[in-house]
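For reference, the structure I am asking about is given below.
By letter and in written order, the chains are A, B and C; residue numbering begins at 1 in each of them.
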Amino acid sequence: MATPRRQPTKAQIRHQKMEELVIYPIDWLEERSGLVGGIRYFLFRNVPSDVNWMQTLGSAALTAFLVQAITGVILAMYYVPSASTDPATGKPVAWESIVNISDHLTLGWLVRGMHKWGASVFIILMFLHMGRVFLFGAYKYPRELNWIIGVLILLTGMLEGFTGYLLPWDQTAYWATVVGINLNGTAPILGPWLAQFLRSGQEIGLETLPRFYSLHMLILPGAIIALITLHLYLVVRLGVTSPPWSKDAAGGEPVEVEEPARRPGLTRPVPRTANGAAMQAEPGGRD
Amino acid sequence: MAAIPREKPTRSGEARAEFARYKSDVKTRGKPFFPYAMFHDTIMSLVVVATIIGLAAIWKWSSWGPHHDPTHKGLLGPIVDPPADPGTTSFVPRPDWYFYFLFYLLRIFKWPESVFLGTIGIPTIALVLLIALPFYDRRLERRPSARPVAMVAAVLTIISMGVLTWKGATAKEALASEVIQDVPRWIQQENLPPAAVPGAKLFATAGCTACHTYAGSGGSNLGAPDLTSIGTRNLGIQFQINHLKCPSCVNPGSPMPKFASLGETRLHQLAVFLESSKGTH
Amino acid sequence: MEPEQPSPDTEHESLHEEAHLPSPTLWPIGFAIGIVVVLVGLIIDPLLISTIGAVIAIVFGFLWARDATRELRVQQVVVEPERREAGAAAPPAEGGAAPVSGPQQPVTRSVFLEGATIGLGAVIGGLITVPVAGFLVLPGFLRQEQHKVDLGPIEKFPLGSWFVATFVVDPAQGEVSRRTAFVRNNGTVADSNGKQVPSFTIISNRCAHLGCPVQANGPSGAILGKKTLKEHTLNGPVQFVPVVPAGYGCPCHGGQYDVEGNRTAGPPVRALDRYGFEVNNGRLVLLSTYSVSHVVGTGAQAKIYKYKSYGPGQHVDGPEAWFYPLSPPHH
């Protein structure tokens, strides 16, 4: 309080006015919805300081899913889910729409290719993420529910792959689906009924493809989105684990910690622990 | 003070205490998600998107066959497969690669009584084990070095799924539609005379390779012998014909089916082919 | 002056002091719609639409009149919010609550409303869900039709020769119902009356393990030096490829069958399905498929152990047949 305050320079005044200009709409939104607070909580919550690169696999899987969702929605604008034959060419209408997308439409090959290979990448990433969670023991208390939701996401993702595989209506698609449905049909008692429900008939007919399309486009994505939302909510609520072998694992043996003096808010805490050597090397960190 | 064994699951007390410690540790020693962890996430996401786009591009450009034919097989397969034909007799169905382990499981369980194990029995059990994991692994220990059972189980699972996937990918059935393409190679490798070529084509299409191996083609089933050098045994044309007509008459207990329906001419052609097969050079 | 819309209190107090305006009501809207429909109906279709409009107008007019005269009929129209404490005013005229006097009436009414809300919600949910679920599930199970497939005159099938026949089962469905069967003319066989009837072996090419397309183990077409026959029958184009099979094999998981369709190796759980057939006017006509556990003997003398049509992978005999007690409806 004793230091005399300089008059703010013109640059500083301009800077402050620009800040207000940016802050004003955010405040407007926050006052009316409360969303900004939630976003701020999500972005600036603390995670353990020793999080590992392996722990990026979950968000990588989410990115792959978003790629699938976006490319899928766009492909749906050009794809025709009809197993009937085009009288002019003698080829199935759905198959022709895929050839159209791949061969004739601008950048259709790219979007279709991204969707097809994105499916494989999505499944690989889910398996890797599952392996990482297993390795870290991050399915144990209190994260059991999150593990179950994750397995359900894996299952739904593989069902998406199965239903989507039929859509191009080519030989690989048709016969893989014949076998897949009959596989379900061998389940005791209810199997034959489930198989007939999936096919909409005793054999694959004209109604099977639209049914798989509806499953692939509407029902399963809805389920995945709901499950992913729950999954992310639990991750934020329960927190991300430290690598269990880390010396500074959060929640490990109690460490002698001096409470660092810092102001509350968004700053990163100054590491001042007993074995603080491991925490000094923060990449690009300011102190 | 008596040592309290940490392995015994006492979730009520110990787990909650550990979680409370975790929460306070993160609060005091953690760093904000943005930008630290989120930066790593963003880099990884960039890698993922680049990979997907790269695969799409490779798929397109490696398939750019002559006259821009979309069914040309490239590095990552053809862009377009032939349209669905529910009446085909020459197609070999395969699922998408991430189902290969299930596919091979179906080939392992080849006894009719055990079919349901491969179709739904084992996959269901595996799924239940996966979902119920947090309920039968209740130890609080998270370090891999102190979880031998979990680590060994995980390694075994990964290895077996990898092996099943690989074997599913390389499984061949050796039926007519696939093997007929091997005939030119047989002619070259076995130095077959022209008289043996009709028999070679018959051998490829009559289902012999379903049970016999020959010059690197076919599968071995039910103990059927390899026929690559069958000619070196000099069994004679007539023996071959008699054996083909009724294998179990010539070789008691043989499970080989009778090929008498092929007719005398074709049986003779096959016999010539077999007697000319003196082995690959 | 008095306000246009008197509050319930002032309305109650001023009932006999000055002319009061009726309380707000929505019935006139319905009445107005009814009048409009009557007028429109006079233009379009007097008999039908004007009648409908008249009915609407009468119904809503009646409800309006009843509502407007409510104050005259019932002296006390106190619409007070439900209160939990005792000594509330006289019970409201509408709501259908059980008229109970005393301090208990608030609890009863809210309990009834809670139950009614949940009950009505369940009814609405059921009204929406049941037909929709029915539409989702039932069409795949009902109205399964048998389709007959005309394969042409039986003279075109030389005795003892096998053909791979490809045909479209239902021309209305088109290519998606294309199927393949292995067909052989066995000549004639004596039926139960001793009469000689044609005998054909017609084996479906869908594997009994999981439905993959089974191939013939034997030379066919060009390798045999024979041409593919193309016929045009009542079912559209049909193709016959001559073949000399020593058996059949499945490309998926290693199933093998003999020439009569019996399983000889691999995971198939029974023999290959067969097509029933009849001969109409000298033409071979295929009927529905049926399942076969095994076949003893060959050709015309074969004894076929028949079952109704089961899906692939489902046992028809043996202990595992108990897994599949109830088959979905089929043709």
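Keep this in mind: a residue touches a chain if its C-beta (ideal position, glycine included) is under 8 Å from a C-beta of that chain, and two chains touch if they have at least 3 such contacts.
Keep in mind the model is a prediction, meaning the values are calculated, not measured.
The most distant chain from subunit A, with centres taken as the mean of CA atoms, is C. Per-pair tallies of C-beta contacts place A-B first. In whole angstrom, the spacing between the mean C-alpha positions of subunit A and subunit B is 30. In terms of their C-alpha centroids, the spacing between subunit A and subunit C amounts to 35 Å.
Remark: subunit B and subunit C have CA centroids separated by 38 Å (rounded to whole angstrom).
In subunit C, the residues that reach two or more other chains under the touch definition are 175-177, 210, 212-213, 252, 313, 323.
Taken residue by residue, subunit A touches two or more other chains at 83, 92, 175, 178-179, 183, 186, 188, 191, 204, whereas all remaining positions touch fewer.
Multi-chain contact residues, meaning those touching two or more other chains, occur in subunit B at positions 84-86, 88, 91, 93, 106, 115-116, 119. Across the complex, subunit C meets subunit A through its residues 137, 139-141, 144, 173-177, 210-213, 252, 309-314, 323-328, 330-331.
Chain contact summary for the complex, subunit C toward subunit B: residues 164, 166-167, 175-180, 205, 209-210, 212-220, 223, 244-247, 249-254, 256, 258-259, 263-270, 313, 315, 318, 320, 323.
Against subunit A, the residues of subunit B that register as touching in their complex are 11, 15, 18-19, 21-23, 25-34, 36-38, 40-41, 43-45, 47-49, 51-53, 55-57, 59-60, 68, 70, 79-86, 88, 91, 93-99, 106, 115-116, 119-120, 127, 130-131, 133-135, 137-145, 147, 150, 154, 158.
By the touch criterion given at the top, residues 84-93, 106-107, 109-116, 118-119, 173, 175-178, 201-202, 205-207, 210-211, 219, 221-222, 255, 257-259, 261-263, 266 of subunit B touch subunit C in their complex.
Within the complex formed with subunit B, the subunit A residues making contact are 42-49, 51, 53, 55-57, 59-60, 63-64, 67, 83, 91-92, 95, 98-99, 102-103, 109-110, 112-114, 116-121, 123-125, 131, 134-144, 147-148, 151-152, 155, 158, 161-162, 165, 168-176, 178-180, 183-184, 186-188, 191, 204, 239-241, 244-245, 248, 250-252, 254, 257, 259-260, 266, 268-269, 271, 273, 279, 282.
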